[in-house]
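Structure incoming, see below.
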Amino acid sequence: MTARAPIERLPTGISGFDDIAGGGLPKGRPALVTGTTGSGKTFFAVEFLARGILLFGQPGVFVTAEETADSIRRSAASVGFDVEAWEREGRWVFVDASPLDGEEAPVRTVGAYDFGALMARIDHAIRRSEARRVAFDSFSSIIGRFDDVGVMRRELVHIVAGLKALGVTLVLTSERSDEHDGISRYGVEEFVLDNVIVLRNVLRDERRRRTVEIVKFRGLPHRTGEWLFTIDSREGFVVIPLGVARPPTRASTVR
Amino acid sequence: MTARAPIERLPTGISGFDDIAGGGLPKGRPALVTGTTGSGKTFFAVEFLARGILLFGQPGVFVTAEETADSIRRSAASVGFDVEAWEREGRWVFVDASPLDGEEAPVRTVGAYDFGALMARIDHAIRRSEARRVAFDSFSSIIGRFDDVGVMRRELVHIVAGLKALGVTLVLTSERSDEHDGISRYGVEEFVLDNVIVLRNVLRDERRRRTVEIVKFRGLPHRTGEWLFTIDSREGFVVIPLGVARPPTRASTVR
Amino acid sequence: MTARAPIERLPTGISGFDDIAGGGLPKGRPALVTGTTGSGKTFFAVEFLARGILLFGQPGVFVTAEETADSIRRSAASVGFDVEAWEREGRWVFVDASPLDGEEAPVRTVGAYDFGALMARIDHAIRRSEARRVAFDSFSSIIGRFDDVGVMRRELVHIVAGLKALGVTLVLTSERSDEHDGISRYGVEEFVLDNVIVLRNVLRDERRRRTVEIVKFRGLPHRTGEWLFTIDSREGFVVIPLGVARPPTRASTVR
Amino acid sequence: MTARAPIERLPTGISGFDDIAGGGLPKGRPALVTGTTGSGKTFFAVEFLARGILLFGQPGVFVTAEETADSIRRSAASVGFDVEAWEREGRWVFVDASPLDGEEAPVRTVGAYDFGALMARIDHAIRRSEARRVAFDSFSSIIGRFDDVGVMRRELVHIVAGLKALGVTLVLTSERSDEHDGISRYGVEEFVLDNVIVLRNVLRDERRRRTVEIVKFRGLPHRTGEWLFTIDSREGFVVIPLGVARPPTRASTVR
Amino acid sequence: MTARAPIERLPTGISGFDDIAGGGLPKGRPALVTGTTGSGKTFFAVEFLARGILLFGQPGVFVTAEETADSIRRSAASVGFDVEAWEREGRWVFVDASPLDGEEAPVRTVGAYDFGALMARIDHAIRRSEARRVAFDSFSSIIGRFDDVGVMRRELVHIVAGLKALGVTLVLTSERSDEHDGISRYGVEEFVLDNVIVLRNVLRDERRRRTVEIVKFRGLPHRTGEWLFTIDSREGFVVIPLGVARPPTRASTVR
Amino acid sequence: MTARAPIERLPTGISGFDDIAGGGLPKGRPALVTGTTGSGKTFFAVEFLARGILLFGQPGVFVTAEETADSIRRSAASVGFDVEAWEREGRWVFVDASPLDGEEAPVRTVGAYDFGALMARIDHAIRRSEARRVAFDSFSSIIGRFDDVGVMRRELVHIVAGLKALGVTLVLTSERSDEHDGISRYGVEEFVLDNVIVLRNVLRDERRRRTVEIVKFRGLPHRTGEWLFTIDSREGFVVIPLGVARPPTRASTVR
């Protein structure tokens, strides 16, 4: 009965993630990655670009709004990715939307954020690098005032639509301040974006436990519920497949 | 003792739903469908129109306020509905109330939403297609500022009354940000609309579980409590009848 | 030791309710009926007038502030009450305080509600029909802005005192958005009105359960705690007496 | 070692209450009685005056701020107190601070409450009747706007100090909207008044249970914890002594 | 390795308290005593001064901001302290910062509290009596508006620094409205003061239970956790040592 | 595959902490230490500088924003650190950002805090002492008004970036008012800083229990979950290694 083809998949290459995603992220559509501090949002974003380069030869653009580009480079290096090399090859491009340009110079307009200029720089970076993947980390840090939820929603709609129009697949991160209140801090981002992934880092009985969950893929099936994952210096972001017990040799690293 | 006939039913054709609804939705009256992100609101709305066309030959109008028409077409295609074909036959009409007209052009008046113009377009679409069913997805995304609950209530009363006057049966979706606080985000929509359906997608012990519940049908009996349902690429939105165990072959899809 | 007679009772005629109420509602005094959406507030109000007409020959006035008169007529018909016949006989009078006059015409003053004019219309209807009972459904929908709790309290005091002065027994409904926070949404109505009844519709283990509770009768004894009730197409609003097991033949209707 | 005599007791005469109070309320000092709707605040206030008249020959003044004097008379009559007779004898005086003067006339200044005029009327009533007891029911209803907690505190300090200066023992009631958030709605009244009594009416497993607790007596010992009580048409407000099982003949009245 | 002597202790003389405090309060430093209404804050403050006079010959200043001096005198008398005698001997000085000067005269400036004038009077009282101990009961009641937490913090810093500069050991009380939200109402006082003591009066299974806990002593060890205490007409404020069962003869007083 | 070296470690020298930190704090990066009052934030900050001096010969700057320098000196002395000696040797420099300069003089600009001047003084102190470590205790106390979370975030970004640019490793403390709501009071600090450590002091069954947890190290592995620690007069801040039972001789000190 079908006429129009459904949404395609973009395999992320992130270990184990494509299995629970039913093949990959919905192609050309924005995905929200939300989590508390340290839950692994930035690592997910880094892996998303890195695996695209390593496994599929797809260039990527990383928009840094919280950390500096240099900080991202170092974090990536800590799990074995040589971002600088990719930058030299034009396969990874940073767009610095952080409050500080480079490590030292103070920013011009933090309060009234100039979204138009930012979008122009991102557009340019995408075209120059022929990027297929964009990571934006994080949305929360560029919103100066969170009071007016209506304005926040409108700005987000604009950013997302602008990037969607460029045909890239977007991973946009967003903060939540605890594990037990809905998806995002203001309950807005998850309704605007087509796809929603939650990273959790729950403290129970003095121990932490990391899980990833696909909460929504508009128009595409996916596995549901929470899946364990680890962040590891050798393998990076690894989703643990169902039925696979954590190997004993890893136990000491995790705690 | 009865003189006046009670409210008629409109069978939705959604698999299993009409059984718990006591035959269908109250005809000519608005129904609120509320749920968290990814709970299946848009699918319910799509199925409502699609089943009307396929099973009852009733044309429908789909008002898109969050996603674009194209996004809805693709989601519908993912469960086997060829919306474009129906559009060509004049049996399915989109009214685009989303912030973006088409995929790229920016919208004119997001802040001060022009409800009058929107109602005129919906009215026109209904008359042209002789629609009996209208889906409006979602109410939450067209409210610019959520602060003044009184204004929100008044606008909603107007929209609903306008559509009721046209004699169509309306499915209007609305957001909630978590599963545990009343019916809707601001506690208003459920009192304005005659009928209320809640879709839940609860996380318990790392697993998700989808249920549908009819919370209110003004003036009509219905089954009460939560009922399991699934969203499935082959069968779409399927409410599982009481006493029917989930078939083992489906288990892998659901998780 | 008593000199002055205590407050009289007005038997409602609602099946089983007068038993738990110690004979009926306090006569000539206002009663608040509060509950979540679909909890049965409108049905309680309808039964209150209908039983007065059928069992005691007492005319009644129904002030509709949320639903239209026609919607109430249909709901009443669904449990067997021919409201239109009573209207023709002058025993049931609607006062339409809903945002829409009739089904289609838009309202003039929703924001700054004209309470004086409304009270005059209610006064007129009561005198004309010699009504002993008044139902007002619902208070919440006529309050344009909920922000100023002080103003809300004052308006409510005025409405209630106006109706009390006319010697009628009032049932006034009010919304609550969930089952677990006090009596009413703003914690005000229950202190202003002399009598308070709560209708609950609690979801537990995926099933709904309806109960009615008399929380307060100023100056009169009553049974306390929650009592089960059902809404039924043949019998309407029925409070189930203590020690009466739900008959097996009803089980299928209730769920 | 003591030089100055500690605070004296004023036996209330309320059945069982003086036992838990260590003899009575602290004499000449204000006591706050707080509780949810229907918890028995007004009955406590009525009994406080009535027992003073009946058992100790002490006249009393009842300031009504929520209910009308007539409503209080009827409630009192329902438990056997003939307030009108006492009024004729000059032993019970009402000061009407309710929004409506008498049953029908509308009030002049609800918003900006004229506390000075009210205090003058109370002062006059106390001197005329040589009252030793004053009941003020309720403080919450005369506060027009609850927003400014600082103003509320100051007004309350003034009222209380004014009455304390007259040498009477005051019972002042105040609302709380649910059983689980501190003592009073805004967390202010309990710190201003010297003595605090909480009436509870808790719903557990569908049943209600009334308890009274002395939370604070400044400078005086008292029994602590919650004590069961009942409101009964023959005996009024009765605190049940420890170790006394509720007599079987009462069970049917209580539920 | 130590050069500079650590903070000295000031034994309070309060029965059992110095044991859990590791010898006494940190000398010359401010201690916050916070608790719900009736938790014993004022008694702690009274005992602190009284024991200083009785056991160590140290004069004290009591700043009353909520109750009047006379009310404190009577409370003290109720546990056997003859404050008036000490006042005559110049060993106990009241500084009345309460809204009412004496029992009857209305206060001049409650809203915009004149902290400078108050500090001058306290300073004078300390110098005149050669006080080593100051009790300030309570801080909460002199803050007119609680809205601006920043202003509250600044005022508190000033008061505390002023008293610290005078070399006295300060006990400052502060309100909390329930037992389950942090230390103080606005989460500010505990960070400004060097030492924090919480008095609890928890209701569990209808019974009350008093405990005292030292939450913080900056720069000094102390015992941690909650310790039972009683307020008793003969012995005043008594902390019960670990392993000491409450003597059977006391049980009836406590409940 | 790695090109760029990952972030280096700075061993803190705090007993047991470096083990769970995987060697130490990320070098040259800011770490947030958050906790309720008395949880040990100041001790952590003091130990961080003291161990740097004692074990690694690294000078440090301590910015005091809440307590005075003298208060810190005394607290440090209480666990055996002679800060004054280090000050004389130029190895420990205080920058006094507290509301009071020295012990007695009132501050000039608390409300509109002059961050530029403060940063200049810190900069100067760092260069003069050749400090490698900076402690800033606490951030919360210098924020005059907490209302505008956007402004708070911006100021914090500036402070942190300024210190990062100087190449020092920063420990910045921040308050939380209870143990159960996210990481920091406003949910902002933890996203701005690269590293997050939470100190907890939980009351359970009347006893307190101290734990330290590394919640986030950007770009570096660490042990996860909560670890017990004690504050001890002889050993200071001691994290207890896994599998080590608390020695019996210490039990009496801890409680």
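Couple of notes before you dig in:
In order of appearance the chains are A, B, C, D, E and F, and numbering begins at 1 in each one.
FYI, a contact is a pair of C-beta atoms (placed from the backbone, for glycine too) under 8 Å apart; a residue touches a chain by one contact, two chains touch by 3 or more.
Everything quoted here is computed from the prediction, not taken from an experiment.
The fewest steps needed to get from subunit C to subunit F, moving only between touching chains, is 3.
For the touching copies subunit C and subunit D, the fraction of interface residue numbers used by both falls below half; the interface is of the different-residue type. Put simply, subunit B has to spin 120° for its C-alpha atoms to lie on subunit D, with the angle rounded to a multiple of 5.
With each centre defined as the average position of its C-alpha atoms, the distance from subunit A to subunit E rounds to 53 Å.
Distance between subunit A and subunit B, defined via averaged C-alpha coordinates, is recorded as 30 Å.
Round the ring, the chains follow in the order C, D, E, F, A, B when counting starts at subunit C and proceeds to subunit D.
Within the complex formed with subunit B, the subunit A residues making contact are 1-7, 148-150, 153-154, 157-158, 161, 164-165, 181-183, 187, 190-192, 194, 196, 211, 213, 215-221, 223-226. By the touch criterion given at the top, residues 36-38, 42, 66-67, 71, 73-78, 80-85, 99-100, 103-104, 106, 110-111, 138, 140-141, 143-146, 175, 177-178, 185, 201, 203, 206-208, 231-233, 253-255 of subunit E touch subunit D in their complex.
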